[in-house]
Every structure is written in C-alpha cells, then in structure tokens.
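Alright, structures below, take your time with them.
Two complexes, one shared chain (subunit A), two partners (subunit B, subunit C).
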Partner chain A sequence: MSRLGTLWVCLVFGFMYLPIAMIALFSVNTSDVMAFPLTGVTGQWFAEILGDGRLGGGFLTTLAVAFPVALLTTLLGAAAALALSFYATRFRVLFAALLLLPFLVPRLILAVAQLILFKELGVSRSLLTVIAGQSVIILPFTTVIVASVLIRIDRRLIEAAADLGASGWSSFRRVVLPLMGNGLMAAWVIAFVLSSSEYVLTAFLSGRQQALSVLVASDFRFDLSPSLNALAVLIVLGNIALVVIAEAIRHRSGRLN
Partner chain B sequence: MRPQSAGTWLALPVVAALGALCLAPLAILFAYSFFSVDFVTISHDPSLKNYARILQSETYRGLIARAFGSGLLVAAITAVIGYPVAWFLAKRAGAAKTMLLTLLLVPLYSGDLLRIFAWRVLLGAEGAINRSLIWLGAIDAPLQGLLFSPLATHIALTYNYLPFMVIGLWLAFESLDDAWLEAAADLGAPGRDRFRRVTLPLTAPGLIAGGLMVFVMVVGDYLTPQLLGGASGVTVISAINDLFGTAFDWPLGSAIAWTMLAILMLCFGAGAVLIRRSSLVAEGA
Partner chain C sequence: MAVAENTAAGRRTRPLLEAIALYKSYGSVQAVRGIDLALAHESYVTLLGPSGCGKTTLLRMVGGFEAIGSGTLMLDGARLDDLPANLRPINTVFQSYALFPHLTVLENVAFGLSYRSLPKDRIKARAREALATVRMEAMADRRPRQLSGGQQQRVALARAIANEPRLLLLDEPLSALDRRMRKDMQIELKDLQRRLGMTFLHVTHDQEEAFALSDRIVVMRDGRIEQQGAPGDIYARPATAYVADFIGGASCLPGRILGQVGKSYAIETALGRHVVPGVSGLSVGARAVLCLRSEKVALGETGTPAHVTHAVYRGADWLLECVAGGQIFQVTHVGPPPAPGETVRLSFDPDRVWIAREAA
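Presenting the complex of A and B:
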C-alpha cells in the first residue's frame, strides 16, 4: 500500500514538473523546432531574451506594479488575518465571506466589472488601476498566509503580557508583531510572485505601459520561438527562488513557537 | 482598547478596499445587466430583456452548461488523482512533508501563461510528445488531436488546479485520527469497508472544499481554453469578453456574467452546507 502510494506520488509530481522540465530542456537546445531529438546545447536563446529592450521595459513595469501590490496586500492581509483570528470581530462570518469573494468571482468578470466602474468614474487606465485591481484578487492569499502563522501563536503569551500590565497596543507591538513577522515576509513574497504572473487583470486594466505578462501573451499568440522558453525558465527560476525563501521563512516561524 | 473594537477597526480598511474594488464593480455590472444597447449608445431603461435572451438562446445556455460540466469533470479528475497524494503527504511522507508540499505549490507560482505555453510545447503537432512517439516508432504521423482540442484544455486545467485539490484533501487527512481506522480493523472491517465507512466520510469536508475550489476556478478560467482549445476554445467566459470588446453589448455581457455569478454562489452555498454537515459527521465519529 505504502509502496503503491510512493509510486503514485512520484508519477503525480512527475506530471507536475514535466512541462517545466520540457521548457528548460528546449531553452538550451540549438534547434528552432521544439522537438526531439535534441540537437545541441546553446545559450543563444537566453542571450536573445536578455538583449531584448522591449521585454526589459516590460519587466520594469512588472516590478513597478508588483512592489506596491505586495506591500498593500500584505498590510491589508495582515489586518484581515488579525481581525479574523486574533481579535473578536463583529460580523465575522460575513467578513470572511467578503474576503473570499474575489477568489470566487471569475477573474475576467471582475476585470470587466472594474473596467465599467473606472469608466463610470472617469478614471483612465494606468498602472494605478492595475495595482488596485490586482490587490483585490491577491488579498485572499496574503490573508490566509498571515492567518496560518497567527494560528500557531500561543495565546498564553498575550494573556501573560496583559497580566504584566501591558496595554492592548503594547502587547500587540511587543508580542504579536515580532511573532507574525515571518508571516508578513512570506505573504509579501507570495504576493509579489502572484502579481508578476497575473495576466487577465493586468491586460484589462493597463493603459499604454504594458507589463511583462501582457507582452509575453502577445508574443505567444503570434510566434512560438525558443527564446520564449528561455524567458519562461528565467521567470520560473526567479519565482521558485522567491517561493522557496517564503516557505522557508514561514516554516521557520512554526519552529520558533 | 478593547479587543472587540480593535478587530472592527482592523477589518474596516479591508472592508473599504473590497467594497470599492469588488462589491461596487459587481453592483454596477448588475445594474448594467438590465440596460440595453441602442445603436452605439447604452440605453438606461431597465428591462429583463437580456436575461430573456440568455434563456432563449441555445448557444448561451449551451456554453453555460458546458462551463459547469467542465468544472465538475476536472473537479472529479483532480479528486481521483489527488486523494492518494494527500493521504501520502499526511500519513506517510514523514520528514519530507514540508518539502513535498512546497514542491507541489511551486509550479502554481509560474503563472497561467507559462504553464499553458509549456503544454503547447508538449502537445503540438511538432511538439515533444508527438516527435518522441515518432522517433520511438510508435506512430508514423503526428497525432493531430492533441493540441487545440478539449483534451488539451482539460489536461492543462487538471494540471493547473490539482494542487488546490491536494491541499484541501491534505488538511482533511491531517485531522483524521488513525485510531478510528485501527478500531475498525480490530473490529474486523475489511480494507474496502474501512475506506468506505471511515476514511471517506471523515475526509469528505476536504473533498468538498477542494472540489469547490477547483470547480470555481475551472468555470472562471479564460486563458486555458482560449490558448489550447482551438475551435473548442469558445467558452462562456470568452463570450463575455467578446461582448465587452468587439461585439459591444455590455448589457448582455453583464447579464451573462451575473447569471454565472448567481449559479456559482448557489454552488458555493450548497457546498458550504455540505461541508458543515459532513464536518458534523466527522466530529460525531
């Protein structure tokens, strides 16, 4: 039973990593055609991507969106997680349902709805509208991440602080905040990654300045070049590095308590 | 500060943000669904015309039904694939658990676009699977049906959302006490009965929660059918997109969007009731 389970898990993880392995393989293959047999090793595709000024500009736009989105959603997510799991909040169930709503609504429907709202208000599309739109869909993720750290904090620490005469604010600042720090960092990283890879909302809400994901999508519709493999590998590696760091931070916080 | 008021003050900015950027847009969309298009302007006389059109149109009804059918299918497939994985992660993985969970989530963060791109490389007529099969002598000509078909769409959808199902099930398996299974075994229940009468009911909340997440995301997926489905890539979501773009019928688009939202909310409500009921069973066990 256990051996069969191991085999199945290996197969499923193989399935999860097969597409990624393929693009990695073809990103260093010399041939224009992405097919077997492999023809030789080259760094040509990476050089092409790194020398592409248009994609470089898109990358900077992505960063200009991802930094504020990550900061905003981490702060809001922390407030939401604290309200949900730490302090008694009125209308708790309703609040939790509201937080879940952006996750439940299909992205495209939310994007067109926001587009109508902005149009009615006379707000023109810009990076600010992208930041606002992305923040709403990333908020449920940061909330869950911060809450997963808060749940593990021992309540007795707060009771002890209160018994020793600490006010609500000082027990928050000196007990809760240090303990949730790792959760905040993990949430920031994950929000950054989610923001940089989001396509639908970015494409709908951006004006003239286009982020990397939008540029990649148009390239991908028109021509499938091996240099896209190289770009994909760079993005995946960057994201893996960030996610591994975030997960390491989050799990370290579990061990501290 | 009393904890009660602290919580309310913390919730306030979050509610304000969600109200402005999620509730308000959806409310305006709802209002638009009662308007109509008059040549190139939008007439603000409210009517139920758009909803009547959806009810009468076989195309839209078909697209809506197909979206929910796909959602159910992919939820079922991910449940079958994910169930043993979740069991293994919770009960057998031991020290490797954290690493395996992280590994499971990593492909999620590469973004929809890149994952779809990778499947295109794999499934195309000139793609890796076809070329390897030809190279190995298994087939003579490339299999044409692989890419730009419902098959390609559903493979990629399963790939995209499997981790969500596994996480939902894993949480349920984590809280499953092995003592129940031992007790059932001691009382002489064979493996099949132990699964059907102990494991399955106790992990049902996770199964429903995971299934609901996968279902919702498949129904709302825009890019995957669009980029991998070919002619089958026309979905109700892409129809909404067209109505807001080239077809310029925002009111009809809004009405279809709200029909989808209403059905999704019903499904979610039903799912929440089921989860509560099955958790009561799990607690009572």
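Presenting the complex of A and C:
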C-alpha cells in the first residue's frame, strides 16, 4: 500500500477509536478534571461506579428491557425473514419495505409519534412501552440478519427433506431451524446491544424506572464525573465480551457442520 | 380380471410409472409439451437431452417438487400427481447431493426412515445396511463436509435407497464428479440397480452415461420425447436427424426418398443414389437424411472423392473430418492418416447405415 493510503487508513481508524481511547485513559486517571497532563493511575472511578446504587438500578433496568427486546425482535425478525425468503412471493417487496421503513424514520419523530399513540390509547409509560418502542426500530436489524442466513440455505435441502418424507413443519424443525441457529444468535446479540445503547426512544417512552442510557445522559449534562468514563469502558467491554462469546459459539457450531 | 389385477403378477404386467399427456409451462415458456411415458418394473431408464429440453422438469414433476401443468402421473396404477412429495414412495438423488450439513452421515441416511414407525435401533441398523451397500459404513460418524464429492454421492445414494422407494430418481447425479470417478460410479449405479431390483429414472445430458447405464433411453428435445428405446436401437436406428446427431454425432446427409425396396429405401443425395434401410413410414418424395456414423465410413480405393480438412489423434484411432459435396463427414481411421488437404475416397456399406426423418 502507498504511504498516502496508509496515512488515510490511520486517520480513519484514529477518528473511530481515539475518543474511546481517551475515555479509557481518563477512566484510570486520578484527576477529576478531564484534561492533560495525566496525574496518576487509580481504580477510584471504577469503584465509585460499581458502588453507585442509582446507576446499578439503571443497569438492571437496561437488562430488564434488553432481554425481552432481544428475544421478541429475534423471534419476530426470524418469522419475518422466513416469510420474506421462503414463503411469501406476491407481497414480498411491499412486506420488506414496510418492515424496513422504521429504520428510515428519524428516531425522534418515531419516539414522539409513539408517545402520542400510547397517550391516545391510555397506556401510561413504563418498561413495557420502552420494550414495544425499541422493538419497532430493532426489528429491521434482526430481520435482515436472519434473512442473510436463510438466503444461504440451499433450497434443495428442503426438497430433500420433503423427498425423504418430512412434512413442512418437520422439515422446518429438523433442517431449517438448525441451519438458521447462528443467524438467530447473531440477531439476538445485535438486538441486545442495540437495545442497551438506545437513548432517544428509551428517554421518551420510559416512566419512573430509568435505564442506564437515560441516567448517563442526564449525568453528562448535570454532574459530569470521570466515573462516567469508567462506566463507558465497562459498557464497551461488556458489549465486546458479548460479541466474542457469540462468535466463539458460532465458530464452534460452524466447525461441527 | 379384478382379482388378477391385484396379484403380484397382475401388477407386473402394468408399468410401474405412467405419464399420460403431461404438460408444464412457466409463464409463456412451455417446458414439457405432451409427454407419454411408461416405465417398466426393475428397469434403468435415462432421460437424455441437452439442457432446457424439459428432462429435469419431468423428473421434478415425478418427484413432486413441481406441480404438473396438466396430464396424469400414475404409480402402480394409482394416481400420483395429487400426492405431495413427502407422501410419494419415491426418493431422489439430487444433483448437488443436498446432504444435510448439520447431520452426520448416519443421521442423513436415517432421516427418511425416521418417518416410519420403526424402533430406533431398527432405523440405525437399516441406515447402516444402506451405507454398507455403497461401502460407506466407515464414514457413518463424519459430517458431509468432511467427505469428497464421490463419497457424498454415495451417501446421497444410500440416503435415498434406505427407504426402499418404488422408484429412484437421479438428477444428473454424476455431473459434479471427475471423469474417472464418473466411470466408476456408472458401473456401481448399474450394479446397485440390478442388485436391488429397483427402478431407476436417471436424468443426464451425457450420452455415454446413458449408454453405460440404461435398459431404455428416452431422448428428449424441446419438451417432447424425440425417440425412446433400447440403447442399441437408438444408436443403430435413430428416428430423426436430431437423435442421430445428438447420439454419437452422426453426419446427416440430406436427401429425398425415391422409393421403397423391401425394408430399405432408395434415397437420392448429393453423393448419389443409395439403397439403405431406414425408419418405417417414409413416403416416396419425402425429405429424409442419410446418417453416416464415423466408424461406418471407410477410406478406400473407390467411392466418393472428399477433401481431408482436419485429422485429430484419439489414441486408438484418428478422427478425420472430410468434405464432400459441400457436406462434412467424420471418419474413424486406424493407421497413418492422410494429411489435411489430401483427396481421399469415402465408401460405406449400405446395409450398415440408416435413413432417418429430417425432423420428428
């Protein structure tokens, strides 16, 4: 590669990772002002964040949202992907467009619209409204992830299953489902990560129970502390761990195939 | 009569599979245009033709993967076409094998048996038996991905025959194998069919394969059957110029029938008049072709003068391309060949060539 090309690649990756590196750096810096020069190494901010009951509660709220959202969007996304890639033929394009449209609507508009709808229906804000709202915007992701796996399944395998005596349901259970397992897992992980880092919809639709992303955003405005850096590092590490675990499982099952 | 119909002997007199006036179109494309076909019990039948001739569509309709357009399919005298694929007593060896990648070889072979009400150990035993039939029992615990193409082919075969189908369909099963492996598998397929006493319906575009395997060859063209018969019949007595050319690449010399002489015809061609046997039913004045296979034409002292244009060495012999009367002839020649550009004389024994229809 030319020197100019190398420089360009460095710039792009620098732009992507330097801010995160900064946060990691200041999360272990003793000074409570985020500025150079660095003053020393400490675990104080991590200890503070782990001991913070309010943020701990927010973390649990995030999990209470992310688990059901990931499960729900994976199941619905899988159903939609199956319909799109295997069964529906007539309304396929329309169906795909309707599914992917929320992705193009700005979050803020979607959030306000959902808020109005819930109000009209007399549904008060709670974790359930957060779960419902997030599911709408995460569903396109899970659908596309599962569909990308389904598209690669050889249709002859389904014919072979029928040829050997399998009914539609049986061939789904014994052939399609095992082969789409990796896609389901990838969709679940992505949905989980997207849900836990979603701010706009969460902020608009949550009631008294506030998720971590909402708490962090208000802290960032009113009570900026290096402990937030420590929290950011923990979240990034948590997400990386999740993806690594999922990939490891996928790799193992891939080898078995 | 009704009693006789139900005995084994009564059933034997009736074909295993009957296709009656089968049609199939995709939009405006007619893939199958009026097929009537009967498959005898325990026979090896190949559907032979170039891609797009409708042979695969026909096979897929028999297998139940493609709905029939119109017509009837009967198996053992009972309607087949209203049964879904999973209820037909027919199994298929797919072109790409279609082995389940997430299952072991043994699980693949046991897949079909699992839909029978059989005890688990009986299923395993029968799957192992089927694997032994194709000499793959040592690979029972492997995954398909760990097998070579030839091995996957055997497993696909074992998976299909394990169910003891009434009819086995093979969709270009050898096309992904290399030449040597293909020859070996041809012998094994034929041997297997004889040992099992099963009826095989095999789709191929390779005439050598069709000759090696079949009791009966069905030559297809544009969604119709052009000719069907025993391999020897089709080779020696092609019904049309198309069959003569597709099977064995005969040179077809156009001509006109002058008259009938016993079972032979007098034909007028660019190379003169000849009295030659041919297909029945040609009328005087009809256009027809004189089919000259390369091994039926010889170089000699007398005969039609021709120019040699190419000489291709084939190991055992030479294939010469000669031009006479504006027509290209292929000649099999043993020994030192004439050089391209040389003039030779071509002759043939009129009793060993054949007159075919110009078209069906």
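By definition in this document, the second predicted complex is superposed on the first by the 233 of 257 C-alpha atoms of A that agree within 3 Å, B and C clash if a C-alpha of one lies under 4 Å from a C-alpha of the other, contacts with A are read in each partner's own complex, and residues count from 1 in each chain.
The rule is short, and it goes like this: a residue touches a chain if its C-beta (ideal position, glycine included) is under 8 Å from a C-beta of that chain, and two chains touch if they have at least 3 such contacts.
Keep in mind that this is a model prediction, so the values were computed, not measured.
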item: Subunit C versus subunit B on the shared subunit A, clash or fit after superposition; value: fit
item: More subunit A residues in contact [subunit B versus subunit C]; value: B
item: Which superposed partner A:I151 touches (first subunit B, second subunit C, both, neither); value: neither
item: Partner chain in contact with A:I23 - subunit B first, subunit C second, else both or neither; value: first
item: Partner chain in contact with A:V200 - subunit B first, subunit C second, else both or neither; value: first
item: Contacts of A:A47 with subunit B and subunit C, given as first, second, both or neither; value: neither
item: Where the C-alpha centre of subunit A sits as vertex, the angle toward subunit B and subunit C in the overlay (nearest 10 degrees); value: 90
item: Partner chain(s) touched by A:A166 [first = subunit B, second = subunit C, both, neither]; value: second
item: First (subunit B), second (subunit C), both or neither touched by A:V243; value: first
item: Which of subunit B and subunit C A:C10 touches, first, second, both or neither; value: neither
item: Least C-alpha distance (whole Å) that remains between subunit C and subunit B when both complexes are overlaid; value: 10
item: Those residues of subunit A which subunit B touches in one complex and subunit C touches in the other; value: 167
item: Of subunit A, residues touching subunit C in the complex; value: 154, 156-157, 159-167, 170, 174-175, 178-179, 256-257
item: Residues on subunit A engaged by subunit B in the complex (per definition of touch); value: 2, 5-6, 8-9, 12-13, 15-20, 22-23, 26, 33-37, 76, 79-80, 82-83, 86-90, 95, 98-99, 101-110, 112-117, 120, 132-133, 135-136, 139, 167-169, 190, 193-194, 196-200, 213, 216-217, 220-221, 224, 228-229, 232, 235-236, 239-240, 242-244, 247, 251
item: Parts of subunit B lying in touch with subunit A, wherever the complex brings them together; value: 1-4, 6-8, 10-11, 13-15, 17-18, 21-26, 28-29, 32, 81-82, 84-85, 87-89, 92, 98, 100, 102-107, 109-115, 117-122, 124, 126-128, 130-132, 135, 159, 162-163, 216, 219-223, 227, 237, 240-241, 244, 250, 253-254, 257, 260-261, 264-265, 268
item: Touching residues (chain side subunit C, partner subunit A) in the complex; value: 63-65, 84-87, 90-92, 94-96, 98-102, 111-112, 115-116, 143, 145, 159-160, 163
